[in-house]
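For clarity, chains are labelled A, B, C, D and E in written order, and residue numbers in each chain start from 1.
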Amino acid sequence: YTNEPTGSTVTLGFNVPQTGPYADEGADELRAYQLAVEHLNGEGDGGMMNTFSSNELQGNGILGKKVEFVTGDTQTKSDAARASAKSMIEKDGAVMITGGSSSGVAIAVQGLCQEAGVIFMAGLTHSNDTTGKDKKANGFRHFFNGYMSAAALAPVLKNLYGTDRNAYHLTADYTWGWTQEESIAAATEAMGWNTVNKVRTPLASTDFSSYIAPVLNSGADVLVLNHYGGNMVNSLTNAVQFGLREKVVNGKQFEIVVPLYSRLMAKGAGANVKGIHGSTNWHWSLQDDASKAFVKSFGTKYGFPPSQAAHTVYCQTLLYADAASRAGTFNPCGIAEALEGFEFDGLGNGKTLYRAGDHQCFKDVLVVRGKENPTSEFDLLEVVEVTPAAQVTYPIDHPMFAGGALGTCNAG
Amino acid sequence: MDAILLQILNGLDKGSAYALIALGLTLIFGTLGVVNFAHGALFMIGAFCAVTVQRIFNISYETVDESQTDFLGNALVVKTPYIESWFGPQMGGAIIDWAVPLAILFTVPIMIFVGYAMERGLIKHFYKRPHADQILVTFGLAIVLQEVVKYFYGANPIQTPAPEALSGIVNLGAIIGMDIVYPVWRVVYFFFSLVVIGGIFSFLQFTTFGMVVRAGMADRETVGLLGINIDKRFTVMFGIAAAVAGLAGVMYTPINSPNYHMGMDFLVLSFVVVVVGGMGSLPGAVLAGFMLGILESFASMNEIKSLVPGIDQIIIYVVAIIILLVRPRGLMGRKGVMED
Amino acid sequence: MLGMNKNDTKMLLLVAALTMLAPFILNPFPTDSGLAQFNAGYPDLMQRFVIFGIFAIGFNILFGLTGYLSFGHAAFLGVGSYSAVWMFKLLAMNVIPAILLSVVMAGIFALLIGYISLRRSGIYFSILTLAFAQMSFNVAYSVLTPITNGETGLQLTLNDPRVLGVSQTVDGSIPVTNLFGLEMRSTFEMVLGPWAFQFNAGYYLSALILLAVFYLSIRIFRSPFGLMLKAVKSNQQRMNYTGLNTRPYTLAAFVISGMYAGLAGGLLASMDPLAGAERMQWTASGEVVLMTILGGAGTLIGPVLGAGFIKYFENIFSKINESVLHGWFSALPDGLEDLLVTLVYPFVGKGWHMTLGILFVLVVVFLPGGLVEGGQRITNWIRNKKAGGKTPTSTTEPAE
Amino acid sequence: MGILEVKGVNKRFGGLQALGDVNLSVKENSVHAIIGPNGAGKSTLLNVLVGKLIPDTGSVMFDGKSVLGRAPYEINQMGISRVFQTPEIFGDLTVMENMMIPCFAKRDGAFELNAIGSVLSQKDVTEKAEHMLVEMNMADKRHMNAAALSRGDKRRLEIGMCLSQEPRLLLLDEPTAGMARADTNNTIDLLKQISDERDITIAIIEHDMHVVFSLADRITVLAQGSPLVEDDPQNIRGNPKVREAYLGESA
Amino acid sequence: MNVKPNFSKNANQATTAPAFLSVWDMHAYYGESYIVQGISFNVHEGEILALLGRNGAGKTSTLRAIARMDNPQLNKGEIWLDHQPLHNMASYQASAAGLALVPEDRSIIAGLTVEENLQLAQIAPPIGWSIERLYQLFPRLGERRKQEGVTLSGGEQQMLAIARALARDIKVLLLDEPYEGLAPVIVDEIEKTLIHIKEQGITTIIVEQNAVRALELADRAVILDTGGIVFDGVASEVLENEELRAEYLAI
């Protein structure tokens, strides 16, 4: 199989955005990867290896081989990401590629890994497509997705804002935005909300005022911002600027929802996030042992708490290592088999299943809210609800995930 | 009706940002003839002046609050800005609150210095070089400036809010009996840009400075023969342009949180604005800025979007193409400026 | 030879030798040494060198000869890529039809855009091309998603129809691109002591095509057509009053260079069947401009050097991370090691942009003719040294 | 009936009547001089002839075909070639290349080009260009960039370029301005020889009376946009109106 | 610095007045090509010096070097004007010191009107004739004050260029082919102007292909050939010296 490790080491490829708008998220992912490598090699305090339900990992590398890694810059561009991944595979002999901070890149690299015959452990990618129509036998996603965000958020929104609401969607005009919009609209409509309008905004927009202004007189009383990263910071800032948070429509307080939160980015919106609900894959303030262990380990090393991106890539690295150990081989097909249907606990989101049919993890999803009185610059979000995995699980043939096929595992 | 008025207003407001950015660019690009790919970076540096001022105002001393814990479970370190301890929480808080407007004072000299250093150190040697070389050097410079900012401030946006007093909304329609609410700061930005634009116009109109610089562009040699030290004036012009770019940046920060690549986001747009306005024409750049702003606002209206899907994605470019085909030198371009 | 003068023949032979021996030349460091980091001789990067070389050569036919600075050439590259991937999806995995279609489609696109844009000159032309390319990018990114697959990029799937071929191979995976059965990704690895050299089919195909189009560009530069274009650049007015309708000439140059871009796009897709919208973004158009100027606009070999330079940085420098640096300096005392790492780190890895920016500035300030001039200076210097005496540097001959 | 017939041409620039009812007939194979004070409209008239300007009214016929409304390159292809008052040459190209470009033109001025470039035709072109350089006394400068030529040399190069196109009508706008005496004399000889040996018609604008009177078969005096007189050289020299408006005492 | 340098090699025996403008051993380059190859001469206050030579002899280059233009580059040599060392100055400083060059291509600035072209000359001190006075001298310019300078006819441009020089308070006027392209009557006019200027005490160096006219006007003459001086003496001497005339001026 491709890049079978022959020496005493095994090389992993960490492919993250190091330049461009997501560079900070990429940097945080890299930190988590390094931490994971340390832990796998038996250095440091072991972090979540101590809480992980599987006890295969011994701190002696993977299958006795010391873990080494190479890094690359995806620039958040499919092309650059594939070039970088290829160089890791062709030049550095990486047996696994992981990383990414956007769905487009994750899907592109996942496709590449499928062809090249290596395992791809997706990083931050939230589009339904990654494990939906673009799923691949060699690709695995620990992160949650648009559907799960919607499923977790809907009940909370229902409790908070009632069932008689008119929602206005602003959506980043590309695949991730569309899948999220579809998911949220479906979930909220199911509980009785009316969708007033779905407006697509160009990815390159920086000023969303001309999209926000029409919201004022649209009769909507909820604004859903299907934006991520810089788009999200700007659209939220603009929405608050236009006084939407203070607005009262039809006798109801106007509300804003940001379905996918990223704490790193939310910082850019500052006080504007206060009281605004959204979902996230994981948050450092969780009080379970695994999360605490990870925060401690990461925080001690770097001086600040990890982001959800850091958490997911750390988990992915451990999961890969564990699967290799259980399979007793680095052969992608062996590893895939070990991961498929794998149930585990102790990585921060409670009991988790790596579903065999689409390589998506099913675990608890957090609903969070912008904190009113933050005590520090990291303390922006508070968890209002931990939605149990069962509630966000969907059947494999759910229409939002239809099309495409997993195919068969490729070992190169 | 309200909706249309609101979009016109929004277009003017967007346009004022475009016009202000394009104004700085056209001083360098349309007047000095330097294809300045670092203009976006100047805009970005202006914005980060505000961030820096905010940071400076927030320099804090630390006290340990045993009653709270931080993310690692240790006692929480509470930070209090020195300014607050010096001036009292009330006054100090107000100063911090007004960081962005106060940053203007700080930005102008900084930007003039940046412009001066850039022109003397680098651009000076490129007036006579081909445009292609200018692109390479200014693009290189832009990357470096950007990366330096990224090194110190990270890649994520940084919030720099407007003063509390200026961050609400006003009802502009109240006078005419309509309900047209608009963010105060955006109104401030609009008037601010009018003032800056007016200031630059009168400076170039009522002094011979503009004429000399234009002449120097057309024929440096001859202007030198007439006893004029054109280099000095080019430097001044560059300084002014940098200051305008910087002002556009500082004032923009409360509208959208600045990040290190915000310059690149605006770069293409500002070139389009300047060229559509017509090379060498200041009024052209301003006019084009407002025009594109308004058209962009209209294109993002749902009614228009449902007629022509995706029009808001391409409106700027469609308009640019049409204008350049109908009017060979843009709206108000002068003959012979950068046509070869 | 082949209708070329001696210098050109020499240069073509040189380029041929360089491309054919690239797997050796680009892998000078033993695989296990610390410097192996700087090796560039792996298939993907070598392919990128030659493909972007083709792109830049084509761009230079327009820019170097006519002086028209297009800021939208990436659109043609993108069109080429999309065409090729669709060909793979619908027709066959053989690269020949795909490449042909990309060239043709890019040519048609260039004809349309060029016909309109060439009504203006100077900066107005640049902005027109930029506007067209940005429009294409925006549209490809969202509105045209059914054709382009938007953000994700157009990829092959397991259920592509593929008339002349199978949708999936027997083992259930997507078939790979090939040239009459020769798989583009097939690589022969030769191990010589501590060195490992990779010979990749796709690379050699691209390299041969590069040689062909490089030869073509030499012929264009030296032909009366090329002379006419240079004359148009120098004085369009005089050209008009000498009875030449300049428009068809510049349009021809535009279309030819667009077809080069399409060829590059088709090759990219042939090596790696994916076509993403960001290939059409203005930054991508800007990149080829930078490549050309960096290498030396108007020179034959310059654009290829420029392309190599930028791609090298993008792919090699960006991969140097902190632990690699620690590896290099580990022999030094700890304090010094940390100091050096701290000093170097901002310029590599995530700081590779910074280094690239600084190099742009340095090159353009000190080598006004681009890298080619650098090369000339070195040869002159060596020659002078050999001659031993102070022969005055010959009058600046056009760097070609 | 002349080869060039200008009838009733008017051209205004804003308030300025640059050409007012100009009628002119140039006989085939003659040398026709147009003289007149500065700003009389001589260059403007030439601009109309080559399609650089479109007159407000009037007609311009060359060889029985109308010139108006055609693009400059088309007019050139009809066989009209022009030397400008400020030299228009290819500054970035070498002198030799400058000369080669018009040599690609066929007899009637139309371009014959082959992008792949057959070796043979290029050789012909090179020979012809070489020959022309020798004729213009510029062979030693063949590898210089044209921009670096002195002004007189630029002018000679431009004349050479126009001649090597073998036009039927050659328009010269002050061809010897700034040229050294010796070269002026050479140019006079060359033009004489051309007009005698080849069937080229020449229209020349010149302020140097030595040149005008050595060459011209016929002279039109233009003043304030309108023809003042048209006559033979001897008569012009004696014409008091011309003396007053143009020649001054020194002629 | 009170000692006036007198670098005269052999020249100026004709007059004993000290030199006002001295050029000593001037070497100038265009990039690598060595054009002005060690020229020395003196001009006295109020004198008109004719600088003659065939095309490419280096006349323009000499004037440009004196006017301290960037090109050609002065690599060696000294230039003194009325006690001031010009060789250390940039062109704008030389202009402030009292030097004005009327370049051979006139260099009217595009995009500026006639009047603006004149105004431009009066921005930096010292300021000379008023614009109204210049319009009296050249009424044609006054009539066209709002017209864009570059659309003037050739002769009008020449007038504008001279007027622009006079708009500054100058001590030395460098004229590069001022008669080129001018109608004989205008040449007479300009000649009168030059005499007028001379009467104001302004020193003039005139480069001209119309050697006879220049020599009749000038007090002294310098003849250049390929970058070096081949004659330096009284103007009338040249007119009388058959050999010189034939060899270098072809008259």
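Rule of thumb we're sticking to: a residue touches a chain if its C-beta (ideal position, glycine included) is under 8 Å from a C-beta of that chain, and two chains touch if they have at least 3 such contacts.
Since this is a predicted model, take the numbers as computed values, not measurements.
Note on connectivity: the fewest chain-to-chain touch steps from chain B to chain D number 2.
Across the assembly, the mean Cα position most removed from that of chain D is the one of A. Of all the chains, the one whose CA centre sits at the greatest distance from that of chain C is E.
Centroid to centroid, with C-alpha atoms defining each point, chain B and chain E lie 48 Å apart.
Here the spacing of chain B and chain C, counted between their Cα centres, is 34 Å.
Separating the CA-averaged centres of chain A and chain D is a span of 75 Å.
If you average the CA atoms of chain D and of chain E, the two centres end up 30 Å from each other.
In chain E, the residues that reach two or more other chains under the touch definition are 33. Counting partners per residue, chain C has 138, 141-142, 353 as the residues that reach two or more other chains.
Residues of chain B in contact with at least two other chains: 310, 313. Contact residues of chain C toward chain D in the complex are 3, 219-220, 222-225, 227-228, 230-231, 233-235, 237-246, 252. Within the complex formed with chain E, the chain D residues making contact are 13, 16, 35-40, 42-43, 85-86, 148-153, 174, 177-185, 207, 209, 245-251. Interface of chain B with chain A (complex): residues 2-3, 6-7, 10-11, 13-14, 17, 68, 70-73, 76, 78, 150, 154-159, 161, 167-169, 181-183, 185-186, 255-257, 259, 261-262, 265-266, 296-297, 300-302, 305, 310, 312-313. Of all residues in chain E, only 67, 69-70, 90-93, 95-96, 100-101, 103, 107, 109-112, 116, 119-121, 123-125, 164, 168 touch chain B in the complex they form. Only residues 20-24, 27, 173, 197, 199-202, 204, 206-207, 209-211, 213-214, 216-217, 230, 233-234, 237-238, 241-243, 264-265, 267-272, 284-285, 295-296, 299-300, 304-305, 375-376, 378-379 of chain A touch chain B when the two sit together in their complex.
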